[in-house]
Amino acid sequence: MPPTIGFIGIGIMGQRMCKNLIKAGFEVHAFDLSPAAMEVAKGLGANTAPNLATLARQVEVVVCSLPDPAALLAVVDGPDGILAHLKPGSLICDMSTADPVTARAVHAKAAAKQIAALDCPVSGGPGGAEAGTLTIMVGGDQAALEQARPIFQAIGKNIVHCGGPGAGQAAKLVNQSLVAIHTVGLFEALLVGRKQGLDLDTMVNILRTSSGASWMLDNHIKMKALVHNHEPGFALDLLFKDLKLFVQTATESQAPAFIAGAALQLYNAARAAGHGKQDQTVVAREMEKMAGVELGVLKA
Amino acid sequence: MPPTIGFIGIGIMGQRMCKNLIKAGFEVHAFDLSPAAMEVAKGLGANTAPNLATLARQVEVVVCSLPDPAALLAVVDGPDGILAHLKPGSLICDMSTADPVTARAVHAKAAAKQIAALDCPVSGGPGGAEAGTLTIMVGGDQAALEQARPIFQAIGKNIVHCGGPGAGQAAKLVNQSLVAIHTVGLFEALLVGRKQGLDLDTMVNILRTSSGASWMLDNHIKMKALVHNHEPGFALDLLFKDLKLFVQTATESQAPAFIAGAALQLYNAARAAGHGKQDQTVVAREMEKMAGVELGVLKA
Amino acid sequence: MPPTIGFIGIGIMGQRMCKNLIKAGFEVHAFDLSPAAMEVAKGLGANTAPNLATLARQVEVVVCSLPDPAALLAVVDGPDGILAHLKPGSLICDMSTADPVTARAVHAKAAAKQIAALDCPVSGGPGGAEAGTLTIMVGGDQAALEQARPIFQAIGKNIVHCGGPGAGQAAKLVNQSLVAIHTVGLFEALLVGRKQGLDLDTMVNILRTSSGASWMLDNHIKMKALVHNHEPGFALDLLFKDLKLFVQTATESQAPAFIAGAALQLYNAARAAGHGKQDQTVVAREMEKMAGVELGVLKA
Amino acid sequence: MPPTIGFIGIGIMGQRMCKNLIKAGFEVHAFDLSPAAMEVAKGLGANTAPNLATLARQVEVVVCSLPDPAALLAVVDGPDGILAHLKPGSLICDMSTADPVTARAVHAKAAAKQIAALDCPVSGGPGGAEAGTLTIMVGGDQAALEQARPIFQAIGKNIVHCGGPGAGQAAKLVNQSLVAIHTVGLFEALLVGRKQGLDLDTMVNILRTSSGASWMLDNHIKMKALVHNHEPGFALDLLFKDLKLFVQTATESQAPAFIAGAALQLYNAARAAGHGKQDQTVVAREMEKMAGVELGVLKA
């Protein structure tokens, strides 16, 4: 008998995961603060809960897909949070990107009520969420992971047990720091090339087949800022948040973050210029201003 | 009738290119300041020239593979340099990694004597040089490139005309900046993960199949510093030089280099610690010291 | 009739401020988690409270001198915090260094119970606290400041009203970022000079009378790391916290922090090496390691 | 009998030093590439030389005040340079700001012709040059310094023997790095304060009497960018050059320059925006753009 699922956070990622869970036969009770999101959930075939307490009393597993650590803590342990209403033996799966410290706090608070918790952020973006092919990075106990596995199998393809509580979030942040660094590092390189008279297409063609190649250039950047498409994709505000959590984790962990710290400041400038809701690669536009030159548009 | 070639700089890269030229049927006259390197050249079947002047008087094309811009300028335009002895209509192909400013200076000095010049640095490393599969990034006139093409075809596989004088060097530096940034960015990410308790193999496995993937991790770093193999590969002193030229070019060009500039300082610390002759990824060892933790050794 | 004061946090700064308040005739009720600190308070002539609730019920003004924002929030609004027990019309003066966001949260929580709050961090260090000559940077309402003025006059000399809630903390962080930057900037400069063969005394003599002069060099650094005296002074862990809050505030505010962000990483490396409890200028020792050279000891 | 002086480079600094030398009774032969500058020299009472060779044959001491290391090398050792024409026993005093490597090269080239050389850059700006109160940082032999002392006494007040060849330039760069860091560090701090609602005057008043105080704020910045006066003062292009030479020297010396390197990039962005000829503090205007806020104008 598959568990009843409470799904909290019906955003761009959440609604796609929700849909795949329903398609796989799970009974899903959804909650989101936005009425529009709730309508989307209904349209997918989910039940909707009027509030977190009601949702928590009706389900055995809660899946969260929330914008930041503060939202997660409010949902889990706020005055009307789910921990006060879930039954012992329940499971909380947080699929948001948060930080390891917050993940461990959620785990500890849940454990105190005999509730299991997993931090299980995903990579693969809206496309992977739609196709059910996300990579899921899991932190927490093996037993909890086995409890969650049927759910994860409906959502993702590659399920990696990274370690104990917080390890899933740590692994996600490790990846996100490279997403950011490969992006701004590339724009620095391309701007110098432009100043030296190189053509954008020539540079990109060389880089894609050389030692400077990266997944980001091949799969994301050349379809976004390099063709002046700033639709997210992955919103700058979200990558900024991930990178900020990475630098914060590095600093608290006493590990060096000279490169990531400098990258954070470039994204910071792009936010100050009002680009937060656009694709994160829009940072190129601010870096162009610092250089006083434009990269141009990729032809092929 | 193939041109007679003078080859200056019989180092790790130079000797492999030399061998392929001889194999392709070119008559090669070699010169290097090191007697040992001259012995190597002889062993490959090259003629050896007693000095630059003699070499210059015997050949139609000079190919250089030298350690830095100063060495190049000395060879070309020093008191006993080749420009004083080459015939009008000759061609100089500089396959070293230098900077665009130096490349343009060589081009102008050569042009003043009706000698053509190409800046044509390579990527692919000793392996690519051995196999004759180097990528050659060419800056200079189309006519000079056509004159050089048979030579390049004996050495490399991918010949890219990047633009006018200096464009080859600019393209190379663009790539090298990313080699460096992808390296130190990765070590920052991995050290934070280690501090958070993640296993090195787990992180590498995730990154190789995620949006943080890079050519450097897949093809170089996991065979070098991550298994404590510090044999170059690509010596730290050489990457430092390339990155320094990139940052210098960025600064002179008024393009931002916050990320590359910070990376340069990390390599700088590794040089101060005496790692210059080891593979560039040895920078991981100094970053571990800053973190007070070790990454460990990759198992698979 | 002077108000009865509750003083929370009897550390290096707190005990000195406490002493001056008692000397000025205030009745002080003290609380600290450490029994040793409570003995100190008793020795100064303070009453000691068994817990925060008892203290809060006995006083009209609470003065806090606490290590970080988390400690402050626990004292003010934790399960046994003072807000639940203070009378309407009371006043909370937080003299710790925290961040503007936390200060505004304290202000709002207090206001909801008709309790006034000021954020009023100090500068001048243990010496200024002992002498009663601290500079006090005040954020909050003018009325609350007038209520607190007699207290501040017993502790400090220079009372600056910086603006509304949070403005005192903001002003303090602005200053602290420069304390940090002037310190690490100086060590970078001196290390380059040493590498170039300059004598430490020569450099310091020039800098003190030139455009590179700073209060930090003249009043702190030359008595600390430059003579290998690492007794705090101002502990590295504390400056690290202040600088971290500055960078965090910059990032949240969308203001650039390239310089402060890089400085934070240097202090981070010094913490990883175990220097957190020493004077903040001990960061010089880690920077010497990055350079592979020692600055030596200042003679005069 | 005072030596006859050749003065090369009659710019903003040069003409003021020239005037003081003539006032002190020295016979001065001046040279500058700009006819307008030559007119100025004539107006001051200097003889003018038609070219470097003529000048060199007429004088015993050459004083240079030139814009950069390349200009210095051209003057000293170019095809028509002074070294070919000076008599053995002459002395070259380079008062430009260059780098230690260039200074040592000049010293060596001069020594080979039995000519002495000093690197003796100055601090104090146009005001100090006018008043004859410059600080002169001298690198080179004691004997050469004694030969130059009467000349230096006519120009400056504080003559510091910093060490052997290059030591004067090293000392100057050490100071200049702090000029730059104290400037951009201050603007970062002030911008965060502005974002947090602080008034510019309040911040400046606090900083001037606190541990964040610096000579730069007190003597330069508050009269320049903080009141929107962008007249140089000290031109951004010149400080950029000094800072670039500092970072280059740090990098070549294997000393860390994380802070100075980041500062260089901020000045770089200001140059790209066309501010090179304005006072160096104009960098504030570019940093304001990165923050999306204005600092405002200091009232008092």
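Going in written order, the chains are labelled A, B, C and D, and every chain counts its residues from 1.
Just so we're on the same page, a contact is a pair of C-beta atoms (placed from the backbone, for glycine too) under 8 Å apart; a residue touches a chain by one contact, two chains touch by 3 or more.
Remember, predicted model here, so these are calculated numbers, not experimental data.
Touching subunit A and subunit D at once are the following chains: B, C. Between A-B and B-C, more contacting C-beta pairs join the chains of A-B. The mean-CA centres of subunit A and subunit B are about 38 angstrom from one another, to the nearest whole unit.
Between the CA-based centres of subunit B and subunit D the separation comes to 36 Å, rounded to the whole angstrom. With centres set at the average Cα position, the gap from subunit B to subunit C is 51 Å. Multi-chain contact residues of subunit A (touching two or more other chains) are listed as 250, 254-258, 261-262, 265, 268-269, 272, 290-293.
Residues 100, 123, 135, 137, 158, 160, 162-164, 166-167, 170-171, 173-179, 181-182, 184-186, 188-199, 202-203, 205-207, 209-216, 219-220, 246, 249-250, 253-263, 265-266, 287, 290-293 of subunit A are the ones touching subunit B in the complex. The residues of subunit A lying in touch with subunit C in their complex are 244, 248, 250-251, 254-258, 261-262, 264-265, 268-269, 271-272. Interface residues of subunit C, counted against subunit B in their complex, comprise 258, 262, 268-269, 272-274, 289-293.
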